[in-house]
Amino acid sequence: MSSDTQTGGSLESVADGYNDRFGHLFGELNGPQFALLIGSLVVLLAAPVWTSLLGAGGLLRTLALASIWAILAMAWDIQSGYTGYISFGHAVLSGGAAYTTAMLVAHVNPDLPFLVTAPISVFAALVIGLVIAIPSLRLRGPYFSLVTFVAGLIFYQLTYAFSGYTGGELGQRVGRIEFELAGAQVTTFDPVTRYYVMLVPMLVIAVALLYVARSNVGMILIAIRENEEAVAAAGIDTTKFKIWSFVLSSIPMGVGGVLLAHFYGSVNPLNFLLVDRSIEIIAMAVVGGMSSILGPIGGAFLVIVLREEVLGVFGVTGRWVALWTVVLLVLVFARDGLFRKLWHILGDRGRADGGDDE
Amino acid sequence: MLGAIGSFLVTGAMISAIYALIAIGFTMIFGVGGVLNLAHGGLIMLGAYGFLVVTSSSTVEFLAIPPIAGLAVAIAVGAVASYGLYVGLVEYIEDNPVITFLATLVVALILAELAIVAFSSSPRGLVNLAPGSSGQSVGLRVTNLEIVAFVTSWVAIGLLWYYVTRTDDGRSILATSMSQRGAQLTGVDLPSVKAKTWLIAGALAGLAGVFIGTLQQTSPTMWLDPLALAFIIVVIGGIGSIKGSIVAAYLIGYLETLTVTLLGSGFRGTFSLVVLVIVLLVMPQGLFGREWVHE
Amino acid sequence: MADSDPHLEIEDLHVYYGKSHALKGVSLSIEPGEIYGVIGPNGAGKTTMLNAIAGFVDYEGAIHYDGIDLATVSPRDIVTDGLVYCTEDRDLFPFFSVHENLQMGAQFRDDREAVKRDLEMVYDLFPRLDERREQEAETMSGGEQQMLAIGRALMSDPDLLMLDEPTLGLAPIIIEDINDAIETLNEDEGLTILLAEQNSTFALRHAERLALLETGEIELAGPADEFQDSDYIQEAYIGIH
Amino acid sequence: MSFFELDGLTKRFGGLVAVDDLSLSVDRGEIVGLIGPNGSGKSTVFNCTMSRYTVSDGSIHFDGDEITDLKTHEVVENGLARVSQESNPIDAMTVGANIKLFTLPNSVTSIRGGASDDEIFNYAARLDLEDKLHEQPDELPHADVRRLEVAKALATDPEMMLLDEPFAGMNQQEIDGLVEKFEELRDAGMTMIVVDHNMGGLMRLVDRVVVIHNGTKIAAGDPEAIAENDQVRRAYLGSSEAM
Amino acid sequence: LGDEDDLIRVGHIGPLQQDMGAGSENSAQLAVDQLNDEDGIMDREVELVSVDSLGDPGEALTATEEMVEQDGVDVIIGTFVTEVMQGITDYVADVDVPFLITGSADPVTVTDTVAEDYDRFKNIFRSGPINSDLQAEGMVDYAEFLADEYGWTQFAHIADDAAWTEPFSDNLPDALEDAGLDVVHEDRLAPGTDDWAPVNSDIDDADADAVFRFFAHNVGTGMLVNWRENEYEFAIEGIHVPGMSPEFWDDSEGAALYETISQSGAAGAADITSETGPFVDAYVEEYGDDRPSLPMYMGFNTYDAVFIYKDAVERAGTVDYQADIDTIVDELLETDHEGAASEIEFYGPDEDYPHDVRETTDDDGVITNFPVTQWQDEGEFECVYPEHLASADHITPEWL
């Protein structure tokens, strides 16, 4: 591709520096793409500063919430977006982790520290993920989606059937995150700390998933989506990789679920298990651009900011009508996702050969 | 004891007929277009609210038409909405099953929220088509409405069965489900077959909406359970098989009645879901289904 | 209709798949009652041309059938007007029986008596199908499926039959059966046939006139005997016969 | 024991016996042709070997090991590769990536691995695809797609290949080119079973022909003898004209 | 926090998209408007900040934080669902903002908090309704009334599977037996039950004369329809929150007929105190065309709470809860208010239900601030119990 960048060679040379060192790990970038990434990162890391300057403390809470959903959307993407086995019940994984935390607190010991409940809950998400994945991955296409959809319904109903343990419709209290880190007390009571407690795991997970997605594993997962038989013919155990994708997905889903439980301070079926939640996760990934990891992050921030900050003008119910309508429009008119579009526009403007975001 | 068994059999039969009605429209759409129309539950809800608007004196007073006319309105609302959904949305996206799956579900969510805006989230009752009950003398309790629903469902199912399996038009609908290209090559009028399919499915949904809306309640959340049921029944019965849907509807109807009788209503749906998963794993094509052929 | 009016007339046909230009201005005309062969290497655009005629792809240019501009007619009406297409992929109804598949071929026809006669004709032509009336199409072998596809097309009472690669992947002995069938239909029923073939032997054997298509353009068109010494045929068939 | 051996292989689909007690052996370095009428069970034999179908009865041995009940990927790891009747490229990936996929290790933790760009170039070059590495498969002419299928099979470094109708839909010129490539592979020690209805291409290539009909062997021998065999003519070839 | 201007901000939280929450919000607004028509609170203008709990503890916590940190409210009034209230108590206790509960009924609201750790939770009060322990007692009184009236002795008991009904399930059956009545059937139902045929048929099979059902999350329309169509021979009594909506008659197409509901304020059908009538009239004048056209029980309690807060802070001479919470609490404890719902006084810190509203009783010790209403002919809401407040007689279906 010919070099016609006016945006300044310095940007390009920084991007090149990155490409030389990390390009093979996370994918190559051109100047504008690099600027977008670094810019977004700075905006996110500095959010407590600029939100308080703007007097928009509520926005910080929204961004914290968006970070959690970004984890969920990325986690869905590495499984469904990459393998093409579209899960319609992913909220079960995050919900499972959240409920594990809640039930540990409610039924084992209310004083269990976060550093104990969190790993157990993430592990629970992994177990649930495998319980769903192992039988259902034998099925293809709509059948797989159906079983995951149904798994969501089953878990939803079980919270009612076993309301003695789960608190039924009304759910259970979880409380805040409190733990010690390097001698300092970290608590989500403080809005700024809470924000970073949500943001940092999101960034770590993003880097990890990007690394995996740009590796052999990502290539194989995509190939499974495109043509599973061809992958088997290549001597690759597709079952193993599909299950692996569920593992890669369940762990961050668990992390997201735990964070969300502490963010709300409580769990209930509505916020954690209702089909709407699974669909929201998918909507974020699709709006951002499936199978790109970065796209779903953008999708999550867009959807959550719309939902919490912008569409509120339509009222409590109206905002959902508006939000779902936006999602529907993206599905029909930009089914590859908004952020992927943006990424490709930047890719075309810059010098490097697109961002191979697949 | 006899009374208990009798009432189990009767209750099961009533509910199962309605389940069959719910599922068949969904089966048709899935079978013919390969479209998983997750807005099917939304259409059922529209039927119920359509009936509410025209029959209740508390919504639009001067309307308040007799319930039997309201039934016709509900059927029409379901049919038109269903057709509108197809030409307004599904037609443009049906090439991509994932997008279609998602978009129709989003439509259902939008419909549910709109229902809240229009009617608030409080559930509503519907004017009863057939008040009263029968059978107390022999120790069985059945409301007249259940009897009406049972008979109407079977008439609708019977007509549909005849249409699909015994007429050229109907055979074309089945054929289209197997191969769209083949249907075109043999001169099937695709737009008209699709229109008919969506209209019929929507009409059945509207009809079912009135029965569910009266027997249970009419509320903005009433779309999900019927959808889940339709989904489960269709998969257990086998994609595209009308016979399968009816058998599975009875299986699930009786299973639920039994579960409720023995374990209480909290476990109502859970067992159906478990049965579904088992059926899928043991015989992925369902009882009467064919392997899902892509395109 | 006067003999001189072409049955099918294609003028300056262009088809694009995205940026790629698959047909670049093809013109040809087919007379009633003739067998017309279109040959050419892989990817030349033969299937694309038939798909355009059947209304399955968008095109530029004009296609007239019995004087009707096909652009103004829906794919369904093209079939009911007697222009019937038997595709490369066969496109059978996999879960219908042989008999039901044949019935579907005639689903738009009202002339019940004639349909019955045609059904007997097809069963006469392909005794194999007669033996397997109740077998589901999906479970038939490749060759039987090809017979069924042709049979189903005949049930639509065609005036002009388009056959795309009727011999692909078939055993030599079945190719012979199909040879006989084509000859019978053309000679006894006066059916016009447009035959697209990549393996030219078969087309050369039947067609009265041929067109050679390469990368979307007609390289050569004319009576069959002119073709025997064309460069393409020579090159493509080195080492055969 | 031969290099590759089918022993009493049987495959039933419900009541239908697609392959019926078929035995067959192939020596290292041999090219065997497998022919028979449509529906005689040829592809089914390949599908059983590659474990796309589970075997109803009988056994399959390869290079001294039993491979009857292995999974597809395990069969491939053992050194068998198949070019199937339908081309199966991944259209969303370039030709190069399609080939690379076939070199990736079967390990979820192997993040980087598989063939280097040079190696991929070499695989492609063996089938004259080296100029097309950056094209998408759906932009390629049919013959190139078939060559890509062979290149992918080669990329798994097989010792033996099963070729299902490699010549279908090709003209004579293209067939000749492909026959040459196969001969080069034979010279490099590759063992092959080839299924095709194109007698011109097939008979030139193979050392030996096995004919099956209704899933059972009806004849075997060198190409000339088979072409003259009456039973084969009646069941498959018809009047020799079609050759 | 947000106190630079001279406004006093009254925070309100409830499920605003439901009739209950909307009625409560309207009532709060009415109270604030009435205050501003006079001298406000401590001569400062009052502003209402109303947030939606969405009936969800998580959302409610977010909304509460926002209300306290962004909007700087001086008091929080509301919460309908007990679980929502529990979701925000930790936070509310930590920030010390006075919190007057006006909808949630579970006694643990105070017994697990104020009673356990007074210093931490002292800013939490409930001005209504009386807690479910006391409500259960009230129900026993009512059952005895029914037994006298109709000779009913066999009762069934079913309830939402939710926190607020636990006291009913725990206490009511025993208390009824102690009163010499039989409890022939008991059950708890998951919220969202929509198939009522088995529920009614179980009650019928048990030969109950009446069923006490306690629904706040379940909607009993289907139960009523099924009951009427089958002409089941038992009466339907107890609590049914959706049935408290003045719009329920229309919503249920008249299926509401004959059901009774206990609720503070008696839906305005009776003059419980001298404040009741004027409040209801003012409400109807302002909001009578909206939904709900009457305040509903939470509206009464919320309206009262605004005035209780006003009186207390004016006595305390401060609204600065961060500095003076102890003074404010002390003054709240002094409350003796003639409210629209009833006479309001709080239990003291050392009693069984610290900071909870006291029940009022008549001379026989019968609880009077938990009256029973009944849907009667043509959609009239009547108060049928206690007898001295009744606007009409309790009636039973003609098929009984």
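In this document, chain identifiers A, B, C, D and E correspond to the written order of the chains, with residue numbering beginning at 1 in each.
Here is the rule we use: a contact is a pair of C-beta atoms (placed from the backbone, for glycine too) under 8 Å apart; a residue touches a chain by one contact, two chains touch by 3 or more.
The chain list, named the UniProt way, goes like this: C = Branched-chain amino acid transport ATP-binding protein LivF; D = ABC-type branched-chain amino acid transport system, ATPase component.
Bear in mind that the values here come from a model prediction, so they are computed numbers and not experimental data.
Undergrad: Among the remaining chains, which ones contact both chain C and chain E?
TA: B
Undergrad: From the centre of chain B, which chain's CA centre is farthest?
TA: Result for max centroid distance from chain B is chain D.
Undergrad: Could you work out which chain's C-alpha centre is the most distant one from the centre of chain A?
TA: It is C whose centre lies farthest from that of chain A.
Undergrad: Counting in whole Å, what is the centre-to-centre distance of chain D and chain E, each centre being its mean C-alpha position?
TA: Comparing mean C-alpha positions, chain E is 78 Å from chain D.
Undergrad: Chain A to chain E: how many Å between their CA centres?
TA: The answer is 41 Å.
Undergrad: Rounded to the nearest whole Å, what is the centre-to-centre distance of chain C and chain D, using the mean of the C-alpha atoms as each centre?
TA: 31
Undergrad: Would you give the residues of chain D that are in contact with at least 2 other chains, written as numbers and ranges?
TA: None at all.
Undergrad: Can you pull out the residues of chain A that are in contact with at least two other chains?
TA: 160-161, 163, 317
Undergrad: Enumerate the residues of chain B that touch no fewer than two other chains.
TA: Counting only residues that touch two or more other chains, chain B contributes 116, 266.
Undergrad: So, with touch as defined above, which chain pairs make the list?
TA: All touching pairs, sorted by chain label, are A-B, A-D, A-E, B-C, B-E, C-D.
Undergrad: Spell out the part of chain E that touches chain A in their complex, as residue ranges.
TA: Contacts found on chain E: 16-17, 52, 54, 56-59, 61-62, 65-66, 69-70, 81-84, 86-87, 90-91, 94, 161-163, 190-192, 217.
Undergrad: Quick check on the complex: what are the chain A residues that touch chain E?
TA: So the residues of chain A in touch with chain E come to 57-58, 61, 160-161, 163, 167-171, 173, 175, 189, 191, 263-268, 270-271, 316-317.
Undergrad: Can you list the residues on chain D that touch chain C in the complex?
TA: 13, 16, 36-39, 85, 139, 141-143, 165, 168-174, 176, 197, 199-200, 235-239, 241-243
Undergrad: Which chain A residues qualify as touching chain B in the complex?
TA: For chain A paired with chain B, touching residues are 86, 88, 135, 138-143, 145-147, 149-151, 153-154, 157-158, 160-161, 163, 275-276, 279, 282-283, 286, 317-318, 320-321, 324-325, 327-328, 331-332, 335.
Undergrad: Would you tell me which residues of chain D are touching chain A in their complex?
TA: It is residues 50, 52, 71-74, 76-77, 81-82, 84, 88-93, 97, 100-102, 104-106, 108, 110-114, 152-153, 155-156 of chain D that touch chain A.
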